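Below, chain A partners chain B and then partners chain C, in two separate complexes.
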Partner chain A sequence: MSVASVPFSFSRLSLIAGNTFLEAVRQKLFNFLLLLAVGLVASAQFFREFNFGSSELKFISDFGFGALIFFGSALTIATTAQLFFSEIENRTALTLLAKPLWRAEFVFGKFLGVFAVIGVFCALTIGLMMALLWHREGQLMNIRPEDFANGRLIAYGDLLVVGVLQWLKFGVLAAIVLLIASFSNTNLFTVVTGFFVLVICHLQYLARDAWGNVDNAVLGLVVRALGFIFPNFQLFNLADQIGQGSGLSPVVALQVAGYAVAYIGVIGGLAVYSFRNREI
Partner chain B sequence: MVALGLLAAGVALRPLEAPAWAVIRAGQPALRLESLKDALGQGVTVGLLGGFRAIVADLFWIRTNSIWEGNDLPGTQTSIKLVTAIDPRPLYFWLNGSRMIAYDMPNWRIDKAGGYDAVPEAVKRRFDEEQSAVAIRYLDNALEFHPNDPLLILEIANVHLNRLKDVETAARFYLQASRLPDAPFYAARIHAELLRKLGRNAEAYAFLKQLHPGLPAEDIGAQSDVVLGRIRELEDELSIPEAARFQPGSASRAAPTAP
Partner chain C sequence: MSQPVAAISIQGLTKDFSVTLRGVKLRAVDALNLEVAEGQVYGLLGPNGSGKSTTIKIILGLLDATVGDVRVFGVPANRVEARRNVGYLPEAPYFYRYLSGRELVKFYARVCGVSGSRLRTRVDEVIDWVGLSGAADRRVGTYSKGMLQRIGLAQALVHDPKLIVLDEPTAGVDPVGSAEMCELILKLKQQGKTVLITSHLLAQIEDVCDRVAILDRGKLIVEGSVLELVGQRDRQALIVDPLPEADLEALRGWLAARGHSLNAVEQPRARLDQLFLSKVSRPGRPGGASAGVGSNEVPLDAKP
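This part shows the complex of A and B:
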């Protein structure tokens, strides 16, 4: 039976996603990075002495998001590449794709499995950070009640929204890594390129700022095109908005979420297109 | 094909991204190219991009202090600027960095030039002026990230007063700081004292008379008794007749205006 003769199936997709998720959580890498991130967030209160500039609670929040973003990015890139290439290297991809299975089901199944794993990572890290902040804020309320005359200072709802947006950013990153993996021959190449793309996506706004100042028209066009080709990951750095003015704008959060979901769809689609042209 | 797809997606999603990016950019100091360029040599780029700005800046601040202990002027100056380039949010870095530049560095330069006894007064003055100019430029840069922050304006006023001995300009900056929201009460008191120092007692008297009614009696920082005492001193110095003397509670509660 050929692929064309069977309709796209969400149950096959979810089977692949479930299997990918189980495979990922059994990996030592996931457990190791999760342990490191959780350990770092938990130890934030011991780094309070390093806090020179901002308030103690802001420092813990910055530290927590730092751990989430740093280890989350490493986990997303490494896990996505490893899970994709393990199917190729173990020849299980051959067995799977010999059956009536759409390549889109395979690619998006892999994506959803990785996305779920990253979701668990984000939930644990953000949950721990919020618990720490809640605990420490409670202690500070007892020590300096005059600073908390209007109740708690931290907008926990905003923290949660920023955590969800970071998760979506990791989703875009996972889709990019899958796109690279769809034409790459080795795991190492995929991981290294994935890290480079991560840096580019974080810095592409500088290219956009610079393109207007480039005298050479051709070079200016190239710089401008680069600003369009790579997603803007600085857009997800909303942690600084928390506690400023009226806090995190729901409209901005929705725009950023929509941006991420649209990119996941587009890049995932391109990964499917690229994978369909690949000889396994 | 893939690149074209990404380009098309980037163009199509720009209307969704642009308004959000404008809001986010306005609300936070973004990483700047020069900070990353400086940080590349320190191997912290991944940390910065990863979100560890606060801790990276704190660690560099500790390093700044160890360089400062060695009286290394170019090293300290570079390190101070690197810290605020990495994380421009905390005022602490800006204020203490400017103090190192304006107050410590002239002394290091004098020491290096042969010591206080050997260096002519004109050269000492030049060192003060040069370092003060660097510190004020640095504080002006801070105001781009913290617009209208009274503590930064006060710091500029302090440099003019303590290093450049320019009482006139310092008085102007103290007045500017005193008018900003959340300004400490002492900014206005210092402004009035500097007016007295300049011999402009009538202006100082008018300023303090406008200031006093707005000072909360229950706030120890407001020092309303001290201000009233100075008003009385000025009345004596200006020979104000008894009938025309200031009566607490009788003046309008408007904020003081520029003399």
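This part shows the complex of A and C:
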């Protein structure tokens, strides 16, 4: 019997994403981590006596990015797992997937909802950090005008680009957590495994440097394969390049962004494939 | 001329679940054959673990069959297209608590592709139809169980499906809510919808279903129309005013002379749920404590 097909719909995708976003911002966890990160960034100016030899402005920037990366990673893993499993455990997924809705729309909708939540988190944290830097830099320009003979020192555009790249990195992490959640039975397993994968992704370059060029061909191949399977999160740490030489290279930034988008696409596709076979 | 397509057609359905890492299987549904014609109210009965919910999930495409063919209006159940004409109310439904009833129904309507001017009218229509107009702008988190069932029914109906699947629609709901749900099911039948219900509350199923199937340990035990299955065709019940003993004796004699016997003389009883409904006030209905057992508001069961 021939029936009209149900095409993949971006409208349904955005509905799921919007609902996921709404659910996330109403959760205490999101608001708690956001307040904590914003509070930490705001408090950076009170710690400027502890700048460990680097310039005060650099310290504020490092402190801000540290808060963004730490709380952003925690928020990404916890929120992605929570929002996925709340649908499964509360059985709202049953009602939703009994509608003419593709599972791919459900998974990508969840991803986009989480990605939007992390976007808000990153925007608020980076925005506050830039405002603080702008304010303090203005004060220093009055105190030591000789240091600012050529105008402001901080490349705010570059800071914004690094912030966007961090957001994309969290997107890769969210896709990984969704992939784990698509076959996992519990929220706890997903969160713990997500944190392990986060650590691997941050440290895999060490293994590649140490073992990638060993004489043992098999071991070298395994290490290279693992380096390919787990995205290298060190690539996203470009904050140190800000203010050095000609600043952040647009080409490098675009390459890193492309790297993130490619991983999001592939891992998201695997999550859809895994979730298609999941029995709800 | 082509034959009418069944609303649900299940042929040789078997579903196994792996219960251990060694691959030991648990058979939830075993070689089930079932056909639900369009326009019927069909009851799927059975104890816990009999395979009712598994069968429903396979019909809805939420689970894949291990073996067998399941079709909804002729379309394989595992295809998204099959769900176009299906509305589903899960057991003990839980919805997004932060949305109002109207927002919730609107959300599901949009997921089902209802849009434009039809969206608003259809959402208002179904909310009114399930009797929740007064509470439509309240958050779902504040709803009672009965109200959750009704908003659940509204979301199941919002895209005007031809088949409505109700999984334990009266579980955990008080008798008033259950009676209202039964009334809504009968209204759906009048509209020509096909309804598939699972329930443990057999009296209610008996009241609303045209046909029933009883499953046990995944196997179909009995299937047929309610009348065929529970009617006693070789017996009749006459309900009369109370007769004095002498008249009863005369009646026995009269029947004996014609080769019949009077098998039982009992006082007919109202069902307890009917008594409850006549005593308890229901929104928008007369009744309550003034109605008595003997009043006409309590319909007597025809069976002695």
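Here is the rule we go by: the second predicted complex is superposed on the first by the 269 of 280 C-alpha atoms of A that agree within 3 Å, B and C clash if a C-alpha of one lies under 4 Å from a C-alpha of the other, contacts with A are read in each partner's own complex, and residues count from 1 in each chain.
Here, a residue touches a chain if its C-beta (ideal position, glycine included) is under 8 Å from a C-beta of that chain, and two chains touch if they have at least 3 such contacts.
Being a predicted model, the structure only gives us computed values, none of them experimental.
Overlaying the two complexes via chain A leaves chain B and chain C side by side, clear of any clash. Contact with neither chain B nor chain C is seen for A:112 once the two complexes are overlaid on the shared chain.
In the superposed model, A:90 makes contact with chain C only, not with chain B. When the two complexes are overlaid on their common chain A, residue A:270 makes contact with chain B while staying clear of chain C. Looking at the shared chain after the overlay, A:177 reaches neither chain B nor chain C. In the superposition on chain A, A:258 makes contact with chain B only, not with chain C. When the shared chain is aligned, chain B comes close enough to touch A:59, but chain C does not. Of the two partner chains, chain C is the only one touched by A:100; chain B is not. The superposition-derived angle at chain A (between chain B and chain C) is 160°, Cα centres, a multiple of 10.
When chain A is checked against chain B and against chain C, the one touching more of its residues turns out to be B.
The superposed arrangement places chain B and chain C with a least CA-CA distance of 19 Å. Overlap of the chain B and chain C interfaces on chain A comprises no residues. Contact residues on chain A toward chain C in their complex (touch as defined above): 1, 3-6, 9, 11-12, 15-16, 19, 22-23, 26, 90-92, 94-102, 279-280.
Across the interface of their complex, chain A is touched by residues 1-3, 5-7, 9-11, 13-14, 16-17, 19-21, 23-24, 27-28, 30-31, 33, 36, 45-47, 49-55, 57-59, 61-62, 87, 89-93 of chain B. Per the touch definition, chain A reaches chain B in the complex via residues 47, 50-54, 58-59, 62-63, 65-66, 68-70, 73, 179, 198-199, 202-203, 205-206, 210, 225, 227-232, 234-235, 237-241, 244-245, 249, 252, 255-256, 258-259, 262-263, 266-267, 269-270, 273-274. Of all the residues in chain C, the ones that touch chain A in their complex are 5, 17, 57, 60-64, 74-75, 79-81, 83-84, 86, 88, 90, 93-96, 98, 107-108, 110-113, 152, 155, 159, 165.
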